[in-house]
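Each of the two complexes below includes chain A, the first together with chain B, the second together with chain C.
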Partner chain A sequence: MSEEKKKKKAMNRLKSMYPLRANIDQAYERSVEATKAGKPTAWSMVNWWEADPILKAMDIEIVYPENFGAVCAAMGKAQKYLDRADAEGFPTHMCGYARNGIGYTAEMTELGHIPPDAPMGGMPKPILLLASGALCDARIKWFQSLGRYLDAPVWAVELPHPGVEESQLPGVREKSIQFMVKELKELVSFLERLTGRKMDWAKLEEIADDLIEINRIWYEINEFRKVRPCPMHSRDFWSCMNASLYPAGDTKVSLKLYRDMYDEVKDRAANKIGAVENEKYRMVFGELPPWHALKIFDDLAERGWNFVVESWAYHAPKPIDYSKISDPLERIATQTYQWLTGYFPDALKEKEYMGYFAYPYLEWARTYQCDGGLFHPLLTCRTATNHLVLAQDRLLNKLHVPSLVAEGDIVDLKLFDYADTMRKAVVLEEMMDHYKQVRQEKGFEW
Partner chain B sequence: MALIMGMDIGSGTSKSVIVRDGKPVAYHLLPSGVDYRAVAQKLREESLAKAGISASDIADTIATGHGAGNVAFSGHQASDILCCARGITSIFPSVRTIIDVQRTFTQVIRLNAAGHVINFIINEKCATGSGCFLDIISHVLQIDLKDAGPLSLGSDNPVVFTTGCAVFGESEAISRVSEGASREDILAGVHQALASKISTLVERVGLEMDCAMSGGGALNVGLVESVEKKLGFKLLVPEQPQFINAIGAAMMAENGVKAGVSLPEPGSTKIT
Partner chain C sequence: MTKVVILDGDGKTLSALIGPTGPEHRRLANKVMADALARANLAFSEISYVVATGYGRINVPFADRQITELTCHAKGIASLFPAVRTAIDIGGQDAKGLKIRNGKLVDFVMNDRCAAGTGRFLDVLVGTLGLRIDELGEISLKATQKLPISSVCTVFAQMEIMACLSEGTPLPDIVAGLHDAIANRVVKMIKKLKIEPDVVFTGGVAKNIGVVNALQETLGLNVSVPAEPLLTGALGAALLGRELALKALAEGKPVHEKELRLDEPTFFKVK
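Showing the complex of A and B:
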C-alpha cells in the first residue's frame, strides 16, 4: 500500500461533515446570486450570534471575510491577497484574515467586479459591513478600512467584556444583557433605515430558536468526544463550526444536518469507532489552526494523535434554559452572554483567576482526558495568543499535561514552520509518555 | 556491534560522529555553507576516510539539525532536542538540565532520571542568547570567534549592554568601540548579556541538577564562566560539546538497530 493511501486512512472523517460543510460554502454562491438579483448582502465578522440573526430575519445575505480568509488559506489562494494588502501599505504583522480581506477588496474595487479566480466564487460588494466588539478590537479597524474601499457603512455592535471576577457581582449580568439588547435594537433601526425593510419579528423568533437549538446539538455532539476513542477529530469540528458560529448557511438546513451529525457521532461513540485509528495521544488544540497547513493533522494522526477538543471560543455555549425569555433579542443577547461567561463560575470555584480565555483549557483537558496540547499562538493576533502561555503553564503545573507551542498565522504560511513543528511533536510524545506516568502516580483518572 | 553514523547538519557547521557500542570512534566537522546536501555527502566521505572504513561498514545513519532533511543517504531524521538529550546522558548520566547554545538558537532541556525529555524551551525567534550574537560581535571586533572566550577572561570592567537584542547589541558594541572600550570588556559584556538571557530560559523551564552545557557555545570559556556566575554553580561541559547532537543521533540509531527496528528507506522523511 502506498504511503499516501496509508495517510488517508489514519483520520476517519465524519460522513455527515461533508453536507454540512457544503451548506456553509453555499453561502458564497447565494450571496453572489442575491446581489445580482438586487438583494442586499452584508459582510459580517463573527459576533457569536449577537447580530447575525437580525440580518437573517431581514433577508440580508451574509458572507464572512474571516471565513473567506480561512478558505483562501486552505485552498492556497491567500498569498496574492496578502501581497496586495502589503502593496496597499498595510503592515505584515497585521491579522492574516484582515490582510487577506483587504487584499481581496482592493483587487475587487480596482476591477469593478469580483476577481474571476476568487475561491468559492468570491464575496460580492456589500451594502453594509457589520463589525463586532467581541474579543478583538483590531477587527473594527479592519472593517473601517474595508468601508473606505467599498464605500459601504460600517456598523459595530458592542458587547460587554466580562473577563474579570467583578462580573460576578449581583446585577452585572442583567445590566450587561440589557446593554446588549439596546445595541441590537439600535441595529434593527439602522437596518430598517438602510434597507427600507421592516424587521420580521416572527422570523427573528424562529431564527433565534433555531440557533439556540443548533448550539445545543453542537454542544451535545462535542460531549461525545469525551469517550475513548474520540469519535470526532478537530478537523471535523473546524469544518462544521461555521454553521453554528457565524451562522453561515440556512439555519433550518443546518439544524437538520447537525442532527444527522449527532446521530453519526453518537453511533461512533457507542461502537468505539475513533476518528483516528489507534488513538495513542488525546490532544487539545489551542486557538485557530494553520488553515494553510491542515495536512499536519494527517501526519500527526499517523502517529496516533487524536485532537479531541479545541479552543473554547469557537464552541457552543454551555446550554441553559432560554424558555422563559420571551423577547427574541433578549434570548439572543443571553446566549452570547452565556458564551462569554459560561465557564466563569467553575473558574472562580477553582480559584483560577485567569479570565475567560485560559480556564476552559484546564476544564477540558481534565474532562476530555487529554495527554497533551498543541498550541498555535498567532504572531499577528494578541487576543488569540496572550492566554496560551498561561494555559500552557496551568496545564503542566496543575494537571501534568505538557504542550507544544508552534507559532504561526491563520493565513500567512510564511510564519509557520511545518517541519520544525513535526520534529518537536516527536519530543512532545516523549514528554506525554513521561507525564502520563506522573498523572498515574498522583492518582489522576487518566 | 556494527558501526553507526550520526550527522548533525547545523546552520553554521556540520558534524559527524561514528560510534561503536555506544562509544564514539571518529569525529569530523565541516562548515555547512549553503548547500546542505553537498556538505552532508562530503562529511560522510571524509568521515569514512578518516576512520579508514567504507560506506558498507556503516549499519545506519541518522541525521539531525537544521539541514537533516538534506541527508539523502540517511534513512531517517531525529529531533535535535532528543539527540541532545541522548548525547549528553551518554556522557553525563546524572544530568537533568541541558543548556544547548547553538548558532541560531539556544534551548534549555529538562530530563527525567531515565534521560527522557520532560520539558524544553527555545529562543528560536531571536538571536539573543544564541551563538549568532557572538558571531556578530566578533565580526565587529575583527577577531576570530574561537578567541572570544579566552580574550574575555582578561576583562576587568565588562561593558554593560543595555539591550538583549543582537541587532541593537551590534550598534551598541560599535558605539563602545568608538568610546575606547577594550575588546576584552566588550566581549565580557556580551557574555554577560547572553548569560542573562540563558538564565531566564533556565528559570522558565525549571532547573534541576546536574546541569550541563553543550553546543558550539560551550566551546567559549568566557560564556561558560559567565553562565556559571549567573546561575551560581559549575556546569558540566563535555570535551567536544559541538558534537553532542551528532553523538545523540548515533545513539538513537544504535538503539534502533539493537532493538531490531526496521529502518525506512533512505531518502524518506520519517522522523524518529
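Showing the complex of A and C:
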C-alpha cells in the first residue's frame, strides 16, 4: 500500500450516511424498473415538499433532474451533456443543472432510450414534468424546454413569496397557505385526469406525516453540529439532504435511516468526535457546492477546516406543531410555508429585510460559532448568487466573520478555479486568525 | 521577479534585492538569497528568521515560515505609509485590492480566471505596439485623448489596438487608453472593499506613471507609490519575521522550529 493510501483521511464521514445515500440513489433504478413495468414516472424539481407527497401518494415514481445534474457532475459524467446542450443552441451561461438535463434529454430523445452510459442507470421517460415556482423562475423555462423534447405535459405548482415585513401582516400567512392548498387540489385533479388513478388520501396522510417527522429529525441532527468539535461535515449533509429535500427514496426507509443518523451524530457530539481531525476553523458554506470538485473539502479538512453549516435553502424548516391541522394538504402547505418564512420573525427583529436568503447566515454564524465562510456563487444562477454578497457583508460587519467568494458552477467545472480557491483560502485563514482576536476583544462568545 | 529584503534587529534594511524569475525559479530561491546575503556581507547563519511569501513561497526550504503575500504586502505597505486604508497591487500575474486597518489586512479582493487588468495585459500588448514595457508611462503623458479600449479581454484589446494602428491613431492615445482600461477594471474590482484614503499603489505596474495617473483619475483620490513598489511584499515578510523572532526571544522560546540550511528544494531532484 502506498504512503498516500496509508495516510488517514482528515475528514471522518458518518457511517450512517452511506445507507441513506444508497436509498436516495436507488430512486433512479426504481424509476427505470417502474417505467419498464408500465408504471408512471415523473420528473420533478425541488419544490420543498409542496408537491412531491401528492405524486408519492398516487404511486408515481419521481426522479429529480437537479439531483441528476449533481450526480453527473460528481461522477465526472456531466461534460458530455453540457456539450450536447451547447450544440442544441442553449447558452453556456444558463444553469448547469438545466444544461445537463437538456443535454441528457436531447441524447435520450435521439437514441429513443436511456443513454447506456448514463450515471445511476439514467432517468426514464416521464409522463409528467412537475415544475415549481419556488425561489427560481428560470427553472420553469427549463422544464418547458424539456417538455418539448419529451412531448410530456409541464405542470407548475406556485408558491407565494412574501417579503419579511409583509409576511407579518395580518392574514398573509393564512391566505398564502390557502393559496397553496388550492394549488395542490388542482394538482390532484390534474394527476387524476392524467393517470386515471384516484388519490389515496390515507396514503397521503401517512406520507405527509413521514415527511414532517423526517424534517424534524433532520433538523435535530443539524442542531448537534453546534457542538465543538462539530460531529458532521457539510459533505455528509449534502450526501443525505435529498432524502429530506426532494424527498428521494422510500420515506419509511428514509425515516429509519435518519433515526440511525441521529443516534450516530448524537453519540459523536457526546463523545467529542469531530468530523474533521483537529478542527481549527468552523466554517459556513454558502450555496450549493461545486459537485465536480468535492475533493476541495478534503484538502481544506487537511488544513483543519470543518464545515459546520451550510445554506438555509437546503435545510429542514424550524419545527412547529402540525398536529392540529387535520387536512393533509394544509399540513403539507404549512410545512413549505414554514420553511420559507420560519426565519422571518427573527430577521425582522434584526432589521434584516431581505430575509430568508441572507439572514440565516447571520443566525447560524452566531449559533454555530463560525470562524469564516466559503461562498460559492453560481455564475449561472442569479438566485444562488445575489444574496451572497449581502451575506458576506453582514457577516463581516455584524459578527466580524470574514469569508471568501469562490465563483463557479454546480455542474460546469470550467467555471471553477480550484487552485485559485485554495490559494485564497490560505489568505482567509490569516484573516480568520485576525478576526478571532477582534471578536474576543469585542466580547463575542467565540 | 524574486525579491529579498534583509532587516537588522532594529528594522533597518541591510539588503534589498530584486532578481529575475525564470522557468527555473523554483530551484533558485537559495541563489537569490545568497546574492542578498553577499550584498549585506552576511552569512546565512547570521540570519535569525526567514519568512517566505508570494506564489513560490512553498519552494523555499530554508524559511522558518510561509505567510501569504497579501498579509506581507499589508505589513510592508503600512510600515511605509502608516495612514494607508486601501492598497492596490498590480503585478505581472494578478491584481489585488487590500483593505488595511492599523497595519493589518482586514479584507481583500483578487482577480481570478483572467489576466486582463494585470501587468500581463500590458506585457502582451506592448508587443503589438512595438514598444518596451518601461516606455509606456512616459509615452502616455503625451496623449491628447484616451482611446476607449476593452478591459474585458486581452485578446480583444489586442485586436482593437491593431485596428487603431491601421487607422493611424497616435501611439500615446492608444497607450493612455490601455492605462485607463487597466485602471477601470481594477477599480471596479476593488470597489467591493469600499475604497477609503489613504490609497497606496504597489507592484510592478505602479512604476508606470500613466497607470498611476489613470488610477487617480478613476478613483478621484490621490494615490501614493513607494520608492520601490516591487519590494513591499518582501519588506512585509522581513518585518513579520523580525516580529516573530523577537516574540520568541521575549517568551524564551526557540526561534527556529527546525534547522535551516540554505539549500535548494529537494523535491525537484530526480532520484
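Brief remarks on what is shown
Definition applied: the second predicted complex is superposed on the first by the 437 of 446 C-alpha atoms of A that agree within 3 Å, B and C clash if a C-alpha of one lies under 4 Å from a C-alpha of the other, contacts with A are read in each partner's own complex, and residues count from 1 in each chain.
Note that in this section contacts are C-beta pairs under 8 Å (C-beta built on N, C-alpha and C of every residue); 3 or more make two chains touch, one makes a residue touch a chain.
Predicted model only: the values in this text are computed from it and were never measured.
Steric overlap between chain B and chain C is present once the structures are superposed on chain A.
Legend: residue contacts after superposition of the two complexes on their common chain; A:K295 is shown touching neither chain B nor chain C.
By the touch criterion stated above, A:H434 is placed in contact with chain B and with chain C alike. In the superposed model, A:K198 lies in contact with neither chain B nor chain C. Contact with neither chain B nor chain C is seen for A:K398 once the two complexes are overlaid on the shared chain. Judged by the touch definition given at the top, the superposed model places A:M422 against chain B, while chain C stays out of reach. On chain A, the surface patch touched by chain B in one complex and by chain C in the other comprises residues 396, 402, 407, 423-424, 426-427, 430-431, 434-435. Residues 396, 402, 407, 419, 422-424, 426-427, 430-431, 433-435 of chain A are the ones touching chain B in the complex.
On chain A, the positions that touch chain C within their shared complex are 389, 396, 402, 407, 417, 420, 423-424, 426-427, 430-431, 434-435. In the complex of the two chains, the chain C residues touching chain A come out as 55, 67-68, 70-71, 104-108, 110, 112-113, 192.
Across the interface of their complex, chain A is touched by residues 69, 77-82, 112, 116-120, 125, 271-272 of chain B.
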